[in-house]
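Structures are listed in the sections that come next.
The two complexes that follow have chain A in common; it is paired with chain B in the first and with chain C in the second.
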Partner chain A sequence: DVHMQYERVGADVTMKCGSMDWDAAVTWTVNGTDIDESHLNGSYLILKNVSVMQSGQYFCYEGSSWHLKYQTYLSVGTPPKEPVLMCRSNNYPKGFYCSWHLPTPTYIPNFFNISVIHGTKEMVCEKDAVPKNRCHIRYLQLFSTVKYKVTLTVTNALGKNFTTLTFDEFAIVKPDPPESVVAKPVPNNPRRLEVSWQNPSSWPDPESFPLKFFLRYRPLILDQWQHVELSDGTSHTITDAYAGKEYIIQVAAKDNDIGTWSDWSVAVHATPWTEEPKHLTTEAQITETTSASTSSFMAPPTTKICDKGAVVGSGAVAVCWTAGLVMAAYSVLFI
Partner chain B sequence: GDSWGIFTFLCAALCNLPALPALNCTEELGAGQSIQQTYDLTRYLEHQLRTLAGTYLNYLGPPFNEPDFNPPRLARAERVPSATVDLDLWRGLTDNARLAANYRAYSRLLCYLRVLDGQVGTAELRHRLAHFCASLQGLVLSIGGVMSSLGYPLPAGPPAPSGAPPASNDFLKKMDDFWLLKELQTWLWRSAKDFNRLKKKVPPAVVTLRLEARGF
Partner chain C sequence: MAGADSPTAALQRRDLCARGIRLAGKMRADVVNLLDAYAERQGLDASASVAAVEGVPPAAVERWDEQTGTQRLLENLAAYRAFRALLAQMLEEHREQLGEADAALGRALAAVLLQVSAFAYHLEELLRLESRGPRGDEEEEEEDGPPPRPHGLFEQKLRGLGVLRELAQWAVRSARDLRQLAKPSPAAGSATGPAESP
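Then we have the complex of A and B:
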């Protein structure tokens, strides 16, 4: 007959060859490989200080006839350590979910049982198909003064363990990060970036339960983030970006009144609008000749210097043009 | 901190006294802005309560000041109005019902808190409680003001707290105090959500029409 046995890592295991006498001649194999006689004590197989590597199918054959006398599957593992449990409401006010895992593997099958108690009532946490080790609960009542107590028990063939979480309805609210974060340059504005995003799709009712947002941004070349907190709206224009520098931008969300901030959204990159260097060739030539004579005092010509000159020049011209048009319009009115 | 609360309370009181034809005040505010002010006041009170509750629970001593303390709800504690409500029911509340529930709850909670005020030992606690009661009074008046400006009748006054039997022993008395603070905390969380909903549903334009209809 087939057996199965579970043993702890580091234990000493003695396998008997079924009903065979101690002094019978036998051969043990593991996963098809013969086991050396040095591990035998008569017909008993002795495994000292077993490791996970020694798990497998063990067979015992009678010496001469090679009749199979005994077989067992050995699983070497550990009893479960205290499991890690986390509960969170990313879809307030619909309900919450709990997810769990073991901090270290046991190498043998584990069974989890979760219980949720609210005051005197026991609630059913429905297991999710995917991901595993997760279940969800729907709130029956809102604004409860009574805490929820969630107990997770983990059991395997070598032992059991458990952990408990007790929390208020409001304490576990944490939305998912905002979605579809987009950052775009603003034409003709070298220091602006327009950022927009959407409420996380898991948040069911942003009308009655509005979210507020936290935006952080920095140029790639610097380590310091700049932060903006926004109490409504799903867009924001950054107005103090360094011209021409690539930025990294992220957004986080939080219920307006309760709970904690979400994780940061996926990062987006954007660079503010820069003017096309139209007169680059002529400007560059002029700057180069000037730098040749005053090289010790002037920095080598960069695109920034060229751009600045071009922009200022065209800007001034534009102002003159507009002023002229306005003057003309007024004079027409007074004719 | 202190001055903010007193200022808001005075403003709410002055602007919402029914006797005064304080039309200038309400007209300028509009229900939309009053709702915003009431919302802000609930957030301020929630913040104040955190400090007050910490001090008070320490005064009550263990196990009341332990973070995991999660006692079962005794039947006698039901006299304190509960913010807990069925989700669909809460969603379906009319503006009037929503405001009235808040008004009634805070009026009663204020009564119970005032009774508490008369009994506590330390001067620091008495001072904090008095300050909180003043702010809470401001909130009640603020909610009343919103209701009046929207044309809703104010709910009848709360029953006298002496109607309920007093606690038979010291421990039960402390339990009552514990639950009072818990319900207060939960109501303030709920009110933030109630007033968020009202903000969306009552734009200032609606109020102007109502005032005109009443011949002002």
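Then we have the complex of A and C:
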């Protein structure tokens, strides 16, 4: 018979060699390697203060005949800590999903069970194939004031734990970020950038459930963002860009009426249109291309895609101005 | 029935829907503020779960996307007529209990009552347009008498919380309903849900 046993990290483990007497001569191996006799008490294998590294296949052989008398797979791990559970609706009003993970690994298999209750009704959360730690629910009712209660229980051979989330329908609505953000210079306009984007493809009905958007932008050389909130449309023209400076731009989305802002979209870069130089000496060209601040005489670049931005908190409503700071920073560049 | 789908009627519907959506948005913002003030004044937790209160029309609905335009309007109208009566009662109770002691809350209640009345009237206009004729029976059916008064002071407070909370939900639902109604549809009164069902 092949046995399996689960033991906690730090425990002392005693393995008996099946039905062999205590004073029988035996040899223990782990993963094909003989175990030193110092770990034996008679025919018993004694493992003190076990660690995860000692997990493995253990065999016990009769001393002279090398008949296999006992085998077991030892898994050393920990009982589960309280799991981390998150529920969100990125496809309102169709439904919502919940996803979870353990804050620390247990090193042994864990089993998750999720229950969703709405009032007195138990709802089925259908497990996703990928990722495994996620399930989704279709809304049966909309506009309900009754809260949802989601309980996630995690069990393994060494223990169990659980966590509960309670929320109402509107609170968990959070769209995915806008997609296909594009920023382009506007010909003959050295202070403008045209930005356009699309609704996230996961949002099923933007006509009935319109999104509003939050755009933030700044020149790469400055840390302060400027913000614009847009109640409709999927484009905006920035009209106060600094001539010749490369900008980073991101967009976030929120249902017009409920829920929270999405994460920021993938960041895009763009530089406003600049006039082509008519006459340049060779020396001036070399100076321009080696200068870190550059771009006064560069042709307008195309949009570049860069790293994903940070999660957005609550959005500001108006355009932010820090004129004094900006002007000071701008002046420094041209000293 | 010839005028129902005419360009004029369609434009009128879109215009009324757009105004209704703005009204609903303003109403919701005011109701949410009132809800917080009311809960604080009454010593209640605004986020606590409250069982369904008798006489308060629940905003919750199943198969919302399958409703016809007329169904949406009728359910909305019935709800706002009920809220009108409930808020009037709340205002009366407030005046009886507190008089001038909390005039600000009284004014806020009165302001929301006014918005609810205006919204109900707006819905009646839309329903008239959808019905394509003079006032129908469903528009006359409103007066069932005042809602029953809760017996005790605590029950009154709980009901008040329930009224405002459901009204806030209805304001969101109404905006969604009106957006559905504003969509161009092949015939008035047909379902105007999204292309794919959930």
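Throughout what follows, the second predicted complex is superposed on the first by the 279 of 335 C-alpha atoms of A that agree within 3 Å, B and C clash if a C-alpha of one lies under 4 Å from a C-alpha of the other, contacts with A are read in each partner's own complex, and residues count from 1 in each chain.
By definition in this document, contacts are C-beta pairs under 8 Å (C-beta built on N, C-alpha and C of every residue); 3 or more make two chains touch, one makes a residue touch a chain.
What you see is a predicted model; the values in this text were computed from it and never measured.
Enquirer: Chain A superposed: clash or fit between chain B and chain C?
Expert: Chain B/chain C on chain A - steric clash.
Enquirer: Taking the superposition as given, does A:R191 touch the first partner, chain B, the second, chain C, both, or neither?
Expert: neither
Enquirer: Taking the superposition as given, does A:D257 touch the first partner, chain B, the second, chain C, both, or neither?
Expert: After superposing on A, A:D257 lies in contact with both chain B and chain C.
Enquirer: Where does A:P204 make contact in the superposed view: on chain B (first), on chain C (second), on both, or on neither?
Expert: The answer is second: A:P204 touches chain C but not chain B.
Enquirer: First (chain B), second (chain C), both or neither: which does A:S144 touch?
Expert: both
Enquirer: Contacts for A:F170 in the overlay, against chain B (first) and chain C (second): which applies, first, second, both or neither?
Expert: both
Enquirer: For A:T120, select first, second, both or neither according to whether it touches chain B, chain C, the two together, or no partner.
Expert: first
Enquirer: Touching A:K212, do we find chain B (first), chain C (second), both, or neither?
Expert: A:K212 sits against neither chain B nor chain C.
Enquirer: So, does A:R8 touch the first partner chain B, the second partner chain C, both, or neither?
Expert: Neither partner.
Enquirer: Please identify the positions on chain A that touch both chain B and chain C, taking each partner from its own complex.
Expert: In chain A, residues 93, 139-147, 170, 207-210, 257-258 are touched by chain B and also by chain C.
Enquirer: Which of the residues in chain A come into contact with chain B in the complex?
Expert: Interface residues on the chain A side: 93, 119-120, 139-147, 149, 166, 170, 207-210, 256-258.
Enquirer: Using the touch definition up top, name the residues of chain B that touch chain A in the complex.
Expert: These residues of chain B touch chain A: 43, 68, 70, 72-73, 82-87, 90-91, 179, 182-183, 185-187, 189-190, 192-193, 196-197, 200.
Enquirer: For the complex, which residues does chain C have touching chain A?
Expert: It is residues 25, 28, 49-50, 58-62, 64-65, 165-166, 169-170, 172-173, 175-176, 179-180, 183, 194, 196, 198 of chain C that touch chain A.
Enquirer: Please name which positions on chain A make contact with chain C in the complex.
Expert: 93-95, 138-147, 170, 204-205, 207-210, 257-258
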